[in-house]
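Chain IDs A, B, C and D follow the sequence of writing; residue 1 opens each chain.
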């Protein structure tokens, strides 16, 4: 059986998703691409046999040749399209964040709950790190007891440069990954957070950069989240779990070691795509595979998207209040 | 369009290929598995929706629901099945080696040539290292001039332990990978070889282990090939290209760094499967994709299989003559 | 010229200092060792040609054959011996901490100031990390502009296990190194600190372990100090300076890479001695060399010892107040 | 007691030795420096309190204020000065090679034997790698059985660039280190060698560069020696012992890891001095210490120098005969 997928949004993320679904995901067929920028969508469609283009995302959602929808449009439009998918009962994979605010996330959770009750959810959220083989191995090590009890997590996210945005957007657009992955690793929700400003990079004017956040999970573990979006030197995601018996860390992935010009080293990824190529591929395979087999999606749910949004809002409250610890509201 | 693939042989290699085709290769459908050990084949088939089992490989080859064949049976049977595929004009991907002897490889080359002439070849050979992202990056670096001119290659292949076999089998079954990948990296054929015996491992009785081979390619580059099949410590494949301006080496792939018991380190693969999982997946995707699109297969050809067999025979001649350099016969 | 050194205290630290002075420091001669545990002192003296033993540290300080004193006795006795050295005008190198409290440190600063005024100080403090070649290279990189502007420092100190002690003793006995090295690296004093409790290790009962401290220096840089004394896995000191242009980190020192039992890795030091052997040697050489040449000691001063003690006291105040940020008192 | 050392030759090596003796070797006093280039010698002497300069090395050797001699003049002069030291019965540490030819080395061995018979030797040879902590740890691991039985050694020596010299000079001036360290590690003499020419670097005209040598020791171990003097990328010395149970390799020493410009890496040494600073220091300490204590020097002897020269001559014979294996003559 083949799952016919419609992709909304053909920017960097949407184009990447469409290409992955087409080239690497058995059982998926990208049938429709929607973007208000039709020529951009058409350029992506040209690389995908059988794909057609629509300007209207709602038309894609209701198309007869679309069994499931992947939403990769701008953050502000996510909720509208996800709710539209729910209305016609089609499964949807929504890029993170599910929505910029917890209130909007809650609307999705409620709409889905009204529709499916205790049945399999229709909404999946693209926190793809859960499918990165490195994070999976970290979680397995911890779960298997090899580390003893987790005591601290040090999570680091740095990129070469960032498009214009506010300090708050660093939290909702980037650190949101940490707000999902840390509690997932620990299997314990974030209950308390604080936000701190390191010295400001002299090259950055639009936002506080870097930022340091502290997360306390229900199990007592204290995590540091170091986010620096204009770090210049490379795309660098690190995670160390400090356990009572030993520690485990993500390795910086690379395939080649170079010896050149008095330096031994290897290249950083320039952005997230090579770093998380496996994660996106395996996430999309898991999503499509579960739908093809009629099974429950193993991806994060709308509720996970809501949880991360609540953490983000508590972090922003700490930012605005001078760095105090702030309790995270439980999802209602 | 879907390519219906029949897999001959359901040992470790065949089972792995069938699973990869089923789970990770868009456009492929594994329809038939053949093995004289029918229960073993059935166990593999149980994990693949729609696959059925045959005891007779020739019946698989001629089945109406098989568009292309993957041969992963024991080395000695390769030629028989590949020739049978040629007889019915079906594309075939044969695990390495194409055959244990160059004479048999030459029979395949001739049979294929008689059938397709200058057209697209039907036979592909599973030297999957050419699809390993690390080797690809090495070749790209060299081709792009980053290393200057290649002067030496150091290729190392070690495994934890080996099943019973002769010294010659180390050459035809393991080092054969190096005889393909080194000239591919350098884009120059192996013209001369020598075989040397390091001190024998006291734990090994069936063969000389380790072995050291020297390869001279047409461009003058001298390569060392260090093969140690009972190395105990892990599955470890290395390759360094020493260039006139700089060097590049494969990194030992790993995702997690551990700090435990007074050691900082990471795990080796226990065998080739995790190490070359990407290579097998990408090779099989490339093979299926080319067939689905009606394009020429980008995989190594029967002629590449013959070339590697000729190098292996020269190495064995050196082994039997006390380590002299031996010229490699050109393929006729 | 030869500097005749008396060493007070012949526990692990004192024995190590005496051996280093004897074997690796040109110009130094260890003439007297003092310890209330005379047999222990004698065992050390047996390895040092010409060294004799005294039970009374004050007798050592006033001995005619002692030109300079190295204090490596228990922390609580440091001030008494340092003040006694000042009384007789002899140079003294005191192991860290100069004293457990800032008040005692201030007494030393005042006594020295009364004695030498603006002249060369007599008291040096053994914050040996300033002589570790790795920290020196870090400071040079930052000072030379290679990192851009420093924005964050991540300092980590972990050991296999700790002798019985309180949470406060982690701060005054271990983290005190970070309170000296971070402002030294940044050339900016610590002005504000906070102390946080990660999840408690279930194996530790005498103190909070691990601990996470935050330091704000006058330049705005925010530093994290992660101290875990019963980390089990090894002696592991890390330091990363995150700059606006690039980052630099201490490498984990090791000489040998091992491939064994499915692991590639290298050994951690079991304690601080191998890790900081170069630092102690170079520190002691610098101290003796400056005295032999009649130059000002390049080691940290009593004032540096006071500064670190003031930071420690602010950290402990934060510990007792539930993690609030606390201002560091300026030295008077 | 102080050992008054005279240093012959004040080029890079001699200046370095004098500085090391002066700053890092307890018990040594550099009293005289000899060089036909007197201003060069004076410049070195200016940094060493109490050192004076002579133009005539023989005058240094016979000076009353010289107890022992370190010969760091050009290779061709070594034997003359070493023999002169023997004539006056003074201990001498001669930089490697002891002499360019085995015949000259044999003259030294004979002269020393005639003088001291079975007593403690007077001549030490500066194969400093035996004092490098990395090589020492390698030898200890092998000796302690951690690797099982040694089967192969891969020794690599690369430098940024070389001064003008012949192919033979690569052997006698650089690979000579490997001819000493490999049999020392294995505790077995080199009995057979071969020399092979990889592809020639297009940037090098004075000699074959790189070169690949094969050494067979009496225990059957086969070692590869890869020497590339104009490797451009850095000063890089590697050594891997492949054992029957596990392997151990020298780590590339570095103190700082940098993340910059899309690269994670660390610096290579530009030449041998930083790489082997510890080795030179510890070698010179061991030499001086043994003399001060009246003990037998733990450094390599004239006979070790002769052995390495005999290996070098066999390698050069192989070079001139087209790569055949050549037996190493036993020292007479």
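Simple rule for what comes next: a residue touches a chain if its C-beta (ideal position, glycine included) is under 8 Å from a C-beta of that chain, and two chains touch if they have at least 3 such contacts.
Since the structure is predicted, the reported quantities are computational estimates derived from the model, not experimental observations.
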| item | value |
| --- | --- |
| Comparison of A-B and B-C by number of C-beta pairs in contact, larger one | A-B |
| Farthest chain relative to chain A (centres taken as mean CA coordinates) | D |
| Chain D against chain A, contact positions shared by both copies (same if over half, else different) | same |
| Whole-Å gap separating chain B and chain D, where each centre is the average of the chain's CA atoms | 44 |
| Gap in Å, rounded to a whole number, between the CA centres of chain C and chain B | 57 |
| Computed distance of Cα centres, chain B from chain A, in Å | 37 |
| Multi-chain contact residues (two or more partners), chain B | 233, 245-247, 254, 258-261, 266 |
| Touch list for chain B against partner chain D, complex | 148-152, 154, 196-203, 210, 212, 214, 219-222, 224, 226, 228, 231-233, 242, 244-247, 323, 325 |
| Complex contact set, residues of chain A against chain B | 22-28, 133-134, 137-138, 141, 146, 245-251, 253-261, 266, 285, 289 |
| In the complex, chain C residues that touch chain B | 160, 233-234, 236, 252, 254, 258-268, 270 |
